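Just so it is clear, A, B, C and D label the chains in written order, and each chain counts residues from 1 on its own.
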Amino acid sequence: MTNDQSEETSFHVRFAETDLMGIVHHSAYLVWFEEARSAFMRAKGTSYTAFEAEGVSLAVSEAEVRYIAPAKYDRLITAQCQVDEVKSRKITFSYTVFDAETGQKLATGVTRHICITRDGRMTRVPDEWRKMFISFQGTS
Amino acid sequence: MTNDQSEETSFHVRFAETDLMGIVHHSAYLVWFEEARSAFMRAKGTSYTAFEAEGVSLAVSEAEVRYIAPAKYDRLITAQCQVDEVKSRKITFSYTVFDAETGQKLATGVTRHICITRDGRMTRVPDEWRKMFISFQGTS
Amino acid sequence: MTNDQSEETSFHVRFAETDLMGIVHHSAYLVWFEEARSAFMRAKGTSYTAFEAEGVSLAVSEAEVRYIAPAKYDRLITAQCQVDEVKSRKITFSYTVFDAETGQKLATGVTRHICITRDGRMTRVPDEWRKMFISFQGTS
Amino acid sequence: MTNDQSEETSFHVRFAETDLMGIVHHSAYLVWFEEARSAFMRAKGTSYTAFEAEGVSLAVSEAEVRYIAPAKYDRLITAQCQVDEVKSRKITFSYTVFDAETGQKLATGVTRHICITRDGRMTRVPDEWRKMFISFQGTS
(Lines give C-alpha, C1' and ligand atoms only; values in the text may rest on other atoms or scores of the structure.)
Protein backbone atom coordinates (compact mmCIF):
# COMPACT_ATOMS: atom_id res chain seq x y z
CA MET A 1 0.00 0.00 0.00
CA THR A 2 3.05 2.26 0.17
CA ASN A 3 4.08 4.24 -2.88
CA ASP A 4 6.34 7.22 -3.49
CA GLN A 5 3.77 9.56 -2.05
CA SER A 6 2.78 7.68 1.07
CA GLU A 7 4.42 5.67 3.78
CA GLU A 8 3.15 3.25 6.36
CA THR A 9 4.25 1.61 9.57
CA SER A 10 2.95 -1.47 11.40
CA PHE A 11 2.78 -2.33 15.10
CA HIS A 12 0.70 -4.36 17.52
CA VAL A 13 -1.98 -2.67 19.61
CA ARG A 14 -0.54 -2.18 23.08
CA PHE A 15 -2.49 -3.27 26.15
CA ALA A 16 -2.10 0.23 27.61
CA GLU A 17 -3.86 1.67 24.57
CA THR A 18 -7.13 -0.10 25.37
CA ASP A 19 -9.85 1.28 27.65
CA LEU A 20 -12.62 -0.27 29.72
CA MET A 21 -14.82 -0.60 26.62
CA GLY A 22 -12.31 -3.28 25.58
CA ILE A 23 -11.15 -1.33 22.53
CA VAL A 24 -8.38 1.15 21.73
CA HIS A 25 -8.98 4.57 23.29
CA HIS A 26 -9.80 7.19 20.68
CA SER A 27 -6.86 9.42 21.65
CA ALA A 28 -4.38 6.69 20.62
CA TYR A 29 -5.14 7.27 16.95
CA LEU A 30 -3.50 10.72 17.08
CA VAL A 31 -0.38 9.02 18.45
CA TRP A 32 -0.54 6.43 15.63
CA PHE A 33 -1.02 9.18 13.02
CA GLU A 34 2.07 10.89 14.40
CA GLU A 35 4.05 7.66 14.32
CA ALA A 36 3.00 7.20 10.66
CA ARG A 37 4.15 10.78 10.00
CA SER A 38 7.49 9.99 11.68
CA ALA A 39 7.81 6.85 9.53
CA PHE A 40 7.05 8.99 6.47
CA MET A 41 9.85 11.38 7.34
CA ARG A 42 12.30 8.56 8.13
CA ALA A 43 11.49 6.94 4.77
CA LYS A 44 12.17 10.22 2.97
CA GLY A 45 15.65 10.26 4.44
CA THR A 46 15.01 12.98 6.93
CA SER A 47 13.56 13.07 10.38
CA TYR A 48 11.71 15.53 12.47
CA THR A 49 14.85 15.86 14.57
CA ALA A 50 16.63 17.23 11.49
CA PHE A 51 13.87 19.78 11.00
CA GLU A 52 14.02 20.96 14.53
CA ALA A 53 17.76 21.42 14.29
CA GLU A 54 17.03 24.34 11.95
CA GLY A 55 15.18 26.15 14.72
CA VAL A 56 11.78 25.82 13.08
CA SER A 57 9.20 23.27 14.10
CA LEU A 58 5.89 22.01 12.83
CA ALA A 59 3.10 22.53 15.35
CA VAL A 60 -0.27 20.80 15.01
CA SER A 61 -2.94 23.46 14.43
CA GLU A 62 -5.88 21.14 13.71
CA ALA A 63 -6.63 17.44 13.94
CA GLU A 64 -9.61 15.42 12.77
CA VAL A 65 -10.28 11.72 13.22
CA ARG A 66 -13.13 9.62 11.84
CA TYR A 67 -13.48 6.31 13.71
CA ILE A 68 -14.82 3.51 11.50
CA ALA A 69 -14.28 0.27 13.41
CA PRO A 70 -12.72 -0.43 16.81
CA ALA A 71 -9.14 -1.69 17.13
CA LYS A 72 -8.54 -4.49 19.60
CA TYR A 73 -5.59 -5.47 21.82
CA ASP A 74 -2.78 -7.42 20.16
CA ARG A 75 -4.03 -6.88 16.58
CA LEU A 76 -1.42 -5.89 14.02
CA ILE A 77 -2.17 -2.36 12.85
CA THR A 78 -0.94 -0.47 9.79
CA ALA A 79 -0.96 3.32 9.85
CA GLN A 80 -0.44 5.13 6.54
CA CYS A 81 0.52 8.78 6.02
CA GLN A 82 0.65 11.07 3.00
CA VAL A 83 1.07 14.79 2.32
CA ASP A 84 -2.27 16.27 1.29
CA GLU A 85 -1.65 19.95 0.78
CA VAL A 86 1.32 22.32 0.99
CA LYS A 87 0.73 26.05 1.40
CA SER A 88 3.05 28.89 2.31
CA ARG A 89 1.95 28.71 5.94
CA LYS A 90 0.31 25.32 6.32
CA ILE A 91 0.99 21.64 5.59
CA THR A 92 -1.77 19.03 5.73
CA PHE A 93 -1.16 15.32 6.20
CA SER A 94 -3.83 12.64 5.87
CA TYR A 95 -3.91 9.18 7.42
CA THR A 96 -5.56 5.80 7.15
CA VAL A 97 -5.38 3.15 9.85
CA PHE A 98 -6.01 -0.50 8.89
CA ASP A 99 -6.15 -3.86 10.56
CA ALA A 100 -3.01 -5.26 8.90
CA GLU A 101 -4.36 -8.83 8.68
CA THR A 102 -7.94 -8.32 7.56
CA GLY A 103 -7.33 -5.07 5.66
CA GLN A 104 -10.33 -3.53 7.39
CA LYS A 105 -10.21 0.27 7.54
CA LEU A 106 -10.37 1.36 11.20
CA ALA A 107 -9.95 5.12 11.04
CA THR A 108 -9.04 8.03 8.78
CA GLY A 109 -7.94 11.53 9.66
CA VAL A 110 -5.98 14.66 8.89
CA THR A 111 -3.63 16.92 10.80
CA ARG A 112 -2.80 20.48 9.77
CA HIS A 113 0.50 22.01 10.77
CA ILE A 114 1.97 25.47 10.96
CA CYS A 115 5.63 26.44 11.27
CA ILE A 116 6.75 28.09 14.46
CA THR A 117 10.10 29.53 15.49
CA ARG A 118 11.80 28.64 18.77
CA ASP A 119 10.17 31.61 20.53
CA GLY A 120 6.73 30.40 19.45
CA ARG A 121 5.97 32.83 16.61
CA MET A 122 4.29 31.59 13.44
CA THR A 123 6.47 31.72 10.35
CA ARG A 124 6.34 30.73 6.68
CA VAL A 125 7.21 27.14 5.81
CA PRO A 126 10.90 27.38 4.72
CA ASP A 127 11.19 27.19 0.91
CA GLU A 128 13.26 24.01 0.85
CA TRP A 129 10.75 22.28 3.13
CA ARG A 130 7.86 23.38 0.91
CA LYS A 131 9.62 22.02 -2.19
CA MET A 132 10.34 18.80 -0.38
CA PHE A 133 6.80 18.33 0.90
CA ILE A 134 5.37 19.20 -2.53
CA SER A 135 7.59 16.49 -4.07
CA PHE A 136 6.12 13.99 -1.57
CA GLN A 137 2.56 15.07 -2.25
CA GLY A 138 -0.02 12.43 -3.20
CA THR A 139 -2.07 12.90 -6.34
CA SER A 140 -5.28 11.44 -4.97
CA MET B 1 -18.32 30.13 32.94
CA THR B 2 -20.50 27.16 33.88
CA ASN B 3 -24.25 27.40 33.40
CA ASP B 4 -27.09 24.90 33.23
CA GLN B 5 -26.05 23.88 29.77
CA SER B 6 -22.32 23.49 30.23
CA GLU B 7 -19.93 22.16 32.82
CA GLU B 8 -16.25 22.58 33.40
CA THR B 9 -13.41 20.98 35.31
CA SER B 10 -9.98 22.28 36.28
CA PHE B 11 -6.64 20.52 36.74
CA HIS B 12 -2.93 21.20 36.46
CA VAL B 13 -1.04 20.17 33.33
CA ARG B 14 0.82 16.95 34.16
CA PHE B 15 4.51 16.60 33.37
CA ALA B 16 3.77 13.39 31.46
CA GLU B 17 1.44 15.32 29.14
CA THR B 18 4.28 17.48 27.76
CA ASP B 19 6.47 16.53 24.82
CA LEU B 20 9.96 17.48 23.67
CA MET B 21 8.63 20.73 22.16
CA GLY B 22 8.11 21.76 25.81
CA ILE B 23 4.33 21.98 25.43
CA VAL B 24 1.37 19.65 25.97
CA HIS B 25 1.15 16.90 23.33
CA HIS B 26 -1.80 17.42 21.01
CA SER B 27 -3.34 14.01 21.87
CA ALA B 28 -3.82 15.10 25.52
CA TYR B 29 -6.62 17.47 24.52
CA LEU B 30 -8.87 14.52 23.60
CA VAL B 31 -8.28 13.15 27.09
CA TRP B 32 -9.12 16.56 28.59
CA PHE B 33 -12.27 16.82 26.46
CA GLU B 34 -13.31 13.42 27.76
CA GLU B 35 -12.62 14.44 31.34
CA ALA B 36 -14.78 17.56 30.79
CA ARG B 37 -17.50 15.26 29.40
CA SER B 38 -17.19 13.05 32.50
CA ALA B 39 -17.46 16.15 34.73
CA PHE B 40 -20.54 17.19 32.74
CA MET B 41 -22.19 13.82 33.39
CA ARG B 42 -21.23 13.83 37.07
CA ALA B 43 -22.69 17.35 37.45
CA LYS B 44 -25.95 16.19 35.86
CA GLY B 45 -26.28 13.56 38.53
CA THR B 46 -25.43 10.63 36.35
CA SER B 47 -22.21 9.07 35.21
CA TYR B 48 -21.03 7.21 32.23
CA THR B 49 -20.87 4.11 34.44
CA ALA B 50 -24.66 4.37 34.94
CA PHE B 51 -25.14 4.52 31.19
CA GLU B 52 -23.03 1.50 30.54
CA ALA B 53 -24.98 -0.46 33.15
CA GLU B 54 -27.92 -0.35 30.72
CA GLY B 55 -25.90 -2.29 28.14
CA VAL B 56 -25.59 0.59 25.71
CA SER B 57 -22.49 2.72 25.37
CA LEU B 58 -21.51 5.91 23.60
CA ALA B 59 -18.67 5.36 21.15
CA VAL B 60 -16.71 8.25 19.65
CA SER B 61 -17.35 8.34 15.89
CA GLU B 62 -15.57 11.62 15.10
CA ALA B 63 -13.28 14.04 16.88
CA GLU B 64 -11.98 17.44 15.86
CA VAL B 65 -9.54 19.70 17.69
CA ARG B 66 -8.43 23.22 16.83
CA TYR B 67 -5.22 24.16 18.68
CA ILE B 68 -5.02 27.91 19.41
CA ALA B 69 -2.19 28.36 21.92
CA PRO B 70 0.13 25.86 23.60
CA ALA B 71 -0.49 24.65 27.16
CA LYS B 72 2.53 24.45 29.44
CA TYR B 73 3.51 22.18 32.34
CA ASP B 74 2.02 23.03 35.75
CA ARG B 75 -0.48 25.62 34.41
CA LEU B 76 -4.01 25.39 35.77
CA ILE B 77 -6.33 24.40 32.93
CA THR B 78 -10.11 24.62 32.64
CA ALA B 79 -11.90 22.32 30.21
CA GLN B 80 -15.53 23.10 29.43
CA CYS B 81 -18.10 20.78 27.83
CA GLN B 82 -21.60 21.28 26.44
CA VAL B 83 -24.11 19.28 24.40
CA ASP B 84 -24.26 20.67 20.88
CA GLU B 85 -26.70 18.50 19.01
CA VAL B 86 -28.90 15.49 19.79
CA LYS B 87 -30.17 13.30 16.97
CA SER B 88 -31.80 9.89 16.95
CA ARG B 89 -28.46 8.23 16.26
CA LYS B 90 -25.84 10.81 17.14
CA ILE B 91 -24.89 13.13 20.01
CA THR B 92 -22.39 15.96 19.54
CA PHE B 93 -20.46 17.58 22.38
CA SER B 94 -18.32 20.70 22.03
CA TYR B 95 -15.40 21.80 24.18
CA THR B 96 -13.29 24.81 25.05
CA VAL B 97 -9.99 24.57 26.90
CA PHE B 98 -8.70 27.68 28.73
CA ASP B 99 -5.71 28.69 30.80
CA ALA B 100 -7.60 29.06 34.09
CA GLU B 101 -5.48 31.97 35.31
CA THR B 102 -5.13 34.13 32.23
CA GLY B 103 -8.44 33.10 30.62
CA GLN B 104 -6.60 32.54 27.33
CA LYS B 105 -8.38 30.12 25.01
CA LEU B 106 -6.03 27.22 24.22
CA ALA B 107 -8.16 24.87 22.12
CA THR B 108 -11.68 24.13 20.97
CA GLY B 109 -13.16 20.94 19.61
CA VAL B 110 -16.08 18.62 19.11
CA THR B 111 -16.68 14.88 19.50
CA ARG B 112 -19.55 13.02 17.87
CA HIS B 113 -20.87 9.84 19.43
CA ILE B 114 -23.02 6.94 18.38
CA CYS B 115 -24.77 4.38 20.55
CA ILE B 116 -23.57 0.82 20.41
CA THR B 117 -24.84 -2.34 22.08
CA ARG B 118 -22.59 -4.73 23.98
CA ASP B 119 -22.01 -6.82 20.87
CA GLY B 120 -20.83 -3.73 18.98
CA ARG B 121 -23.89 -3.01 16.81
CA MET B 122 -25.04 0.57 16.26
CA THR B 123 -28.38 1.40 17.83
CA ARG B 124 -30.67 4.40 18.35
CA VAL B 125 -29.96 6.67 21.30
CA PRO B 126 -32.43 5.43 23.98
CA ASP B 127 -35.39 7.83 24.31
CA GLU B 128 -34.73 8.75 27.94
CA TRP B 129 -31.09 9.55 27.11
CA ARG B 130 -32.18 11.72 24.18
CA LYS B 131 -34.61 13.66 26.36
CA MET B 132 -31.95 14.08 29.00
CA PHE B 133 -29.28 15.27 26.55
CA ILE B 134 -31.77 17.64 24.88
CA SER B 135 -32.55 19.16 28.29
CA PHE B 136 -28.80 19.76 28.76
CA GLN B 137 -28.40 21.30 25.34
CA GLY B 138 -26.79 24.75 25.01
CA THR B 139 -28.59 27.46 23.08
CA SER B 140 -25.49 29.04 21.61
CA MET C 1 -3.83 13.52 55.68
CA THR C 2 -1.55 16.38 54.63
CA ASN C 3 0.95 17.79 57.10
CA ASP C 4 4.07 19.93 56.82
CA GLN C 5 6.02 17.00 55.47
CA SER C 6 3.61 15.65 52.91
CA GLU C 7 1.22 16.99 50.32
CA GLU C 8 -1.63 15.46 48.41
CA THR C 9 -3.75 16.13 45.37
CA SER C 10 -7.12 14.74 44.31
CA PHE C 11 -8.60 14.05 40.88
CA HIS C 12 -11.10 11.75 39.20
CA VAL C 13 -9.87 8.66 37.34
CA ARG C 14 -9.93 9.49 33.63
CA PHE C 15 -11.59 7.14 31.17
CA ALA C 16 -8.38 7.09 29.11
CA GLU C 17 -6.49 5.74 32.13
CA THR C 18 -8.49 2.50 32.18
CA ASP C 19 -7.62 -0.63 30.20
CA LEU C 20 -9.59 -3.60 28.91
CA MET C 21 -9.47 -5.24 32.35
CA GLY C 22 -11.85 -2.43 33.37
CA ILE C 23 -9.38 -0.92 35.83
CA VAL C 24 -6.69 1.77 35.75
CA HIS C 25 -3.61 0.71 33.78
CA HIS C 26 -0.62 0.15 36.03
CA SER C 27 1.52 2.76 34.23
CA ALA C 28 -0.92 5.54 35.24
CA TYR C 29 0.25 5.34 38.86
CA LEU C 30 3.68 6.71 37.91
CA VAL C 31 1.89 9.68 36.33
CA TRP C 32 -0.19 10.13 39.50
CA PHE C 33 2.94 9.91 41.68
CA GLU C 34 4.50 12.62 39.54
CA GLU C 35 1.40 14.79 39.82
CA ALA C 36 1.53 14.38 43.62
CA ARG C 37 5.21 15.40 43.49
CA SER C 38 4.26 18.48 41.43
CA ALA C 39 1.54 19.32 43.97
CA PHE C 40 4.13 18.92 46.73
CA MET C 41 6.45 21.40 45.01
CA ARG C 42 3.63 23.87 44.30
CA ALA C 43 2.56 23.70 47.96
CA LYS C 44 6.12 24.44 49.06
CA GLY C 45 6.03 27.64 47.05
CA THR C 46 8.29 26.46 44.30
CA SER C 47 7.73 24.48 41.15
CA TYR C 48 9.72 22.18 39.04
CA THR C 49 9.80 24.91 36.40
CA ALA C 50 11.73 27.09 38.88
CA PHE C 51 14.23 24.29 39.41
CA GLU C 52 14.81 23.76 35.75
CA ALA C 53 15.43 27.49 35.27
CA GLU C 54 18.66 26.95 37.22
CA GLY C 55 19.92 24.55 34.56
CA VAL C 56 19.76 21.48 36.76
CA SER C 57 16.98 18.94 36.62
CA LEU C 58 15.86 15.94 38.63
CA ALA C 59 15.84 12.77 36.57
CA VAL C 60 14.09 9.62 37.75
CA SER C 61 16.69 6.90 38.34
CA GLU C 62 14.43 4.26 39.91
CA ALA C 63 10.71 3.72 40.40
CA GLU C 64 8.82 1.09 42.37
CA VAL C 65 5.08 0.58 42.63
CA ARG C 66 3.14 -1.86 44.80
CA TYR C 67 -0.44 -2.30 43.57
CA ILE C 68 -2.86 -3.09 46.39
CA ALA C 69 -6.37 -2.67 44.97
CA PRO C 70 -7.58 -1.62 41.52
CA ALA C 71 -8.74 1.94 40.80
CA LYS C 72 -11.90 2.32 38.73
CA TYR C 73 -13.13 4.92 36.24
CA ASP C 74 -14.67 8.08 37.70
CA ARG C 75 -13.60 7.39 41.31
CA LEU C 76 -12.09 10.31 43.20
CA ILE C 77 -8.44 9.53 43.91
CA THR C 78 -6.01 11.11 46.38
CA ALA C 79 -2.29 10.86 45.70
CA GLN C 80 0.06 11.77 48.54
CA CYS C 81 3.79 12.57 48.29
CA GLN C 82 6.55 13.03 50.83
CA VAL C 83 10.35 13.33 50.84
CA ASP C 84 11.86 10.12 52.13
CA GLU C 85 15.59 10.59 51.95
CA VAL C 86 17.99 13.32 50.86
CA LYS C 87 21.57 12.46 49.95
CA SER C 88 24.30 14.41 48.22
CA ARG C 89 23.46 12.75 44.92
CA LYS C 90 20.01 11.27 45.35
CA ILE C 91 16.54 12.30 46.55
CA THR C 92 13.84 9.73 47.32
CA PHE C 93 10.13 10.49 47.35
CA SER C 94 7.45 8.08 48.56
CA TYR C 95 3.79 7.97 47.62
CA THR C 96 0.45 6.59 48.70
CA VAL C 97 -2.61 6.49 46.48
CA PHE C 98 -6.07 6.25 48.10
CA ASP C 99 -9.68 6.08 47.04
CA ALA C 100 -10.66 9.51 48.36
CA GLU C 101 -14.18 8.45 49.37
CA THR C 102 -13.61 5.07 50.99
CA GLY C 103 -10.07 5.77 52.21
CA GLN C 104 -8.95 2.43 50.77
CA LYS C 105 -5.25 2.28 49.98
CA LEU C 106 -4.78 1.48 46.28
CA ALA C 107 -1.02 1.69 45.78
CA THR C 108 2.24 2.76 47.33
CA GLY C 109 5.56 3.50 45.73
CA VAL C 110 8.85 5.34 45.65
CA THR C 111 10.84 7.21 43.03
CA ARG C 112 14.55 7.97 43.32
CA HIS C 113 15.99 10.97 41.53
CA ILE C 114 19.42 12.18 40.54
CA CYS C 115 20.48 15.67 39.47
CA ILE C 116 21.59 16.17 35.92
CA THR C 117 22.93 19.21 34.10
CA ARG C 118 21.56 20.41 30.76
CA ASP C 119 24.13 18.35 28.88
CA GLY C 120 23.01 15.21 30.70
CA ARG C 121 25.86 14.77 33.17
CA MET C 122 25.13 13.69 36.74
CA THR C 123 25.86 16.32 39.35
CA ARG C 124 25.48 16.85 43.12
CA VAL C 125 22.13 18.06 44.40
CA PRO C 126 22.67 21.86 44.80
CA ASP C 127 23.14 22.77 48.49
CA GLU C 128 20.08 25.04 48.70
CA TRP C 129 17.91 22.29 47.20
CA ARG C 130 19.26 19.75 49.65
CA LYS C 131 18.51 22.04 52.59
CA MET C 132 15.05 22.68 51.23
CA PHE C 133 14.27 19.00 50.66
CA ILE C 134 15.65 18.09 54.11
CA SER C 135 13.32 20.68 55.66
CA PHE C 136 10.40 18.98 53.89
CA GLN C 137 11.45 15.53 54.99
CA GLY C 138 8.94 13.29 56.78
CA THR C 139 9.89 11.73 60.08
CA SER C 140 8.12 8.45 59.54
CA MET D 1 19.61 -11.64 21.84
CA THR D 2 16.46 -13.75 21.78
CA ASN D 3 16.61 -17.37 22.85
CA ASP D 4 14.09 -20.00 23.90
CA GLN D 5 13.68 -18.35 27.25
CA SER D 6 13.36 -14.74 26.22
CA GLU D 7 11.70 -12.71 23.51
CA GLU D 8 12.14 -9.20 22.26
CA THR D 9 10.35 -6.61 20.18
CA SER D 10 11.60 -3.46 18.46
CA PHE D 11 9.92 -0.14 17.74
CA HIS D 12 10.76 3.52 17.27
CA VAL D 13 10.34 5.95 20.17
CA ARG D 14 7.10 7.84 19.57
CA PHE D 15 7.03 11.64 19.77
CA ALA D 16 4.15 11.42 22.25
CA GLU D 17 6.37 9.37 24.58
CA THR D 18 8.82 12.25 25.12
CA ASP D 19 8.44 14.94 27.76
CA LEU D 20 9.70 18.50 28.13
CA MET D 21 13.10 17.23 29.30
CA GLY D 22 13.51 16.06 25.68
CA ILE D 23 13.64 12.39 26.65
CA VAL D 24 11.16 9.53 27.00
CA HIS D 25 8.90 9.92 30.03
CA HIS D 26 9.68 7.34 32.71
CA SER D 27 6.14 5.90 32.67
CA ALA D 28 6.57 4.79 29.04
CA TYR D 29 8.96 2.03 30.10
CA LEU D 30 6.15 0.14 31.86
CA VAL D 31 4.22 0.26 28.57
CA TRP D 32 7.30 -1.02 26.72
CA PHE D 33 7.80 -3.80 29.28
CA GLU D 34 4.19 -4.83 28.73
CA GLU D 35 4.62 -4.78 24.98
CA ALA D 36 7.70 -7.02 25.35
CA ARG D 37 5.58 -9.35 27.54
CA SER D 38 2.89 -9.40 24.84
CA ALA D 39 5.55 -10.20 22.23
CA PHE D 40 6.80 -12.98 24.49
CA MET D 41 3.31 -14.49 24.69
CA ARG D 42 2.73 -14.14 20.94
CA ALA D 43 6.06 -15.85 20.26
CA LYS D 44 5.08 -18.73 22.54
CA GLY D 45 2.02 -19.31 20.41
CA THR D 46 -0.45 -17.94 22.88
CA SER D 47 -1.67 -14.49 23.69
CA TYR D 48 -2.97 -12.75 26.69
CA THR D 49 -6.38 -12.73 25.02
CA ALA D 50 -6.33 -16.55 25.13
CA PHE D 51 -5.57 -16.45 28.82
CA GLU D 52 -8.36 -14.09 29.58
CA ALA D 53 -10.81 -16.29 27.70
CA GLU D 54 -10.39 -18.80 30.54
CA GLY D 55 -11.79 -16.28 33.00
CA VAL D 56 -8.54 -15.77 34.87
CA SER D 57 -6.27 -12.83 34.33
CA LEU D 58 -2.80 -11.77 35.37
CA ALA D 59 -2.83 -8.54 37.36
CA VAL D 60 0.34 -6.56 38.03
CA SER D 61 1.04 -6.59 41.77
CA GLU D 62 4.46 -4.91 41.71
CA ALA D 63 6.64 -3.09 39.21
CA GLU D 64 10.20 -1.85 39.43
CA VAL D 65 12.20 0.10 36.88
CA ARG D 66 15.85 1.12 36.96
CA TYR D 67 16.59 3.92 34.47
CA ILE D 68 20.15 3.77 33.12
CA ALA D 69 20.29 6.13 30.13
CA PRO D 70 17.62 8.31 28.51
CA ALA D 71 15.81 7.19 25.35
CA LYS D 72 15.33 9.83 22.66
CA TYR D 73 12.65 10.47 20.03
CA ASP D 74 12.86 8.41 16.85
CA ARG D 75 15.53 5.99 18.15
CA LEU D 76 14.96 2.31 17.46
CA ILE D 77 14.39 0.54 20.77
CA THR D 78 14.52 -3.15 21.64
CA ALA D 79 12.58 -4.39 24.67
CA GLN D 80 13.34 -7.89 25.92
CA CYS D 81 11.24 -10.03 28.27
CA GLN D 82 11.83 -13.28 30.14
CA VAL D 83 10.14 -15.31 32.87
CA ASP D 84 12.08 -14.95 36.10
CA GLU D 85 10.19 -16.94 38.67
CA VAL D 86 7.03 -19.05 38.78
CA LYS D 87 5.28 -19.70 42.10
CA SER D 88 1.86 -21.09 42.95
CA ARG D 89 0.46 -17.58 43.31
CA LYS D 90 2.95 -15.29 41.59
CA ILE D 91 4.80 -14.97 38.28
CA THR D 92 7.74 -12.62 37.85
CA PHE D 93 8.94 -11.29 34.49
CA SER D 94 12.13 -9.31 33.97
CA TYR D 95 12.96 -6.85 31.21
CA THR D 96 15.84 -5.09 29.53
CA VAL D 97 15.43 -2.11 27.20
CA PHE D 98 18.23 -1.34 24.70
CA ASP D 99 18.98 1.21 22.04
CA ALA D 100 18.73 -1.21 19.11
CA GLU D 101 21.48 0.49 17.08
CA THR D 102 24.13 1.21 19.68
CA GLY D 103 23.27 -1.72 21.97
CA GLN D 104 23.33 0.64 24.95
CA LYS D 105 21.26 -0.57 27.88
CA LEU D 106 18.63 2.05 28.73
CA ALA D 107 16.59 0.43 31.49
CA THR D 108 15.93 -2.81 33.34
CA GLY D 109 12.96 -3.86 35.41
CA VAL D 110 10.65 -6.50 36.77
CA THR D 111 6.91 -6.92 37.09
CA ARG D 112 5.23 -9.36 39.47
CA HIS D 113 1.81 -10.72 38.67
CA ILE D 114 -0.95 -12.48 40.53
CA CYS D 115 -3.90 -14.39 39.13
CA ILE D 116 -7.34 -12.97 39.65
CA THR D 117 -10.77 -14.28 38.75
CA ARG D 118 -13.38 -12.22 36.90
CA ASP D 119 -14.88 -11.02 40.17
CA GLY D 120 -11.48 -9.74 41.32
CA ARG D 121 -10.53 -12.46 43.81
CA MET D 122 -6.96 -13.73 43.97
CA THR D 123 -6.53 -17.32 42.86
CA ARG D 124 -3.74 -19.85 42.26
CA VAL D 125 -1.96 -19.76 38.92
CA PRO D 126 -3.73 -22.54 36.92
CA ASP D 127 -1.52 -25.66 36.72
CA GLU D 128 -1.19 -25.67 32.93
CA TRP D 129 -0.13 -22.00 32.99
CA ARG D 130 2.45 -22.72 35.68
CA LYS D 131 3.90 -25.58 33.65
CA MET D 132 3.96 -23.42 30.57
CA PHE D 133 5.63 -20.47 32.30
CA ILE D 134 8.16 -22.81 33.97
CA SER D 135 9.05 -24.22 30.54
CA PHE D 136 9.71 -20.64 29.35
CA GLN D 137 11.80 -19.80 32.36
CA GLY D 138 15.30 -18.35 31.88
CA THR D 139 18.23 -19.98 33.58
CA SER D 140 20.15 -16.81 34.26
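The criterion applied here is as follows: a contact is a pair of C-beta atoms (placed from the backbone, for glycine too) under 8 Å apart; a residue touches a chain by one contact, two chains touch by 3 or more.
Quantities reported herein were computed from a predicted structural model and do not represent experimental measurements.
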Centroid-based (C-alpha) most distant chain relative to chain B: D
Between A-B and B-D, the pair joined by more C-beta contacts: A-B
Rounded Å distance between chain B and chain D, as computed from the means of their C-alpha atoms: 33
Where chain A and chain B are represented by their mean Cα positions, the distance between them in whole Å: 24
Per-residue overlap in chain D, given as positions that touch at least 2 other chains: 15-16, 27, 30-31, 34, 73
Residues of chain C that touch chain A when the two form their complex: 15-16, 18-20, 22-23, 25, 27, 73
Contact set on chain C toward chain D in their complex: 21, 26-28, 30-31, 34, 57, 59-67, 70, 111, 120
Parts of chain B lying in touch with chain C, wherever the complex brings them together: 11-12, 14-16, 30-31, 34-35, 38-39, 42, 47-49, 73-74
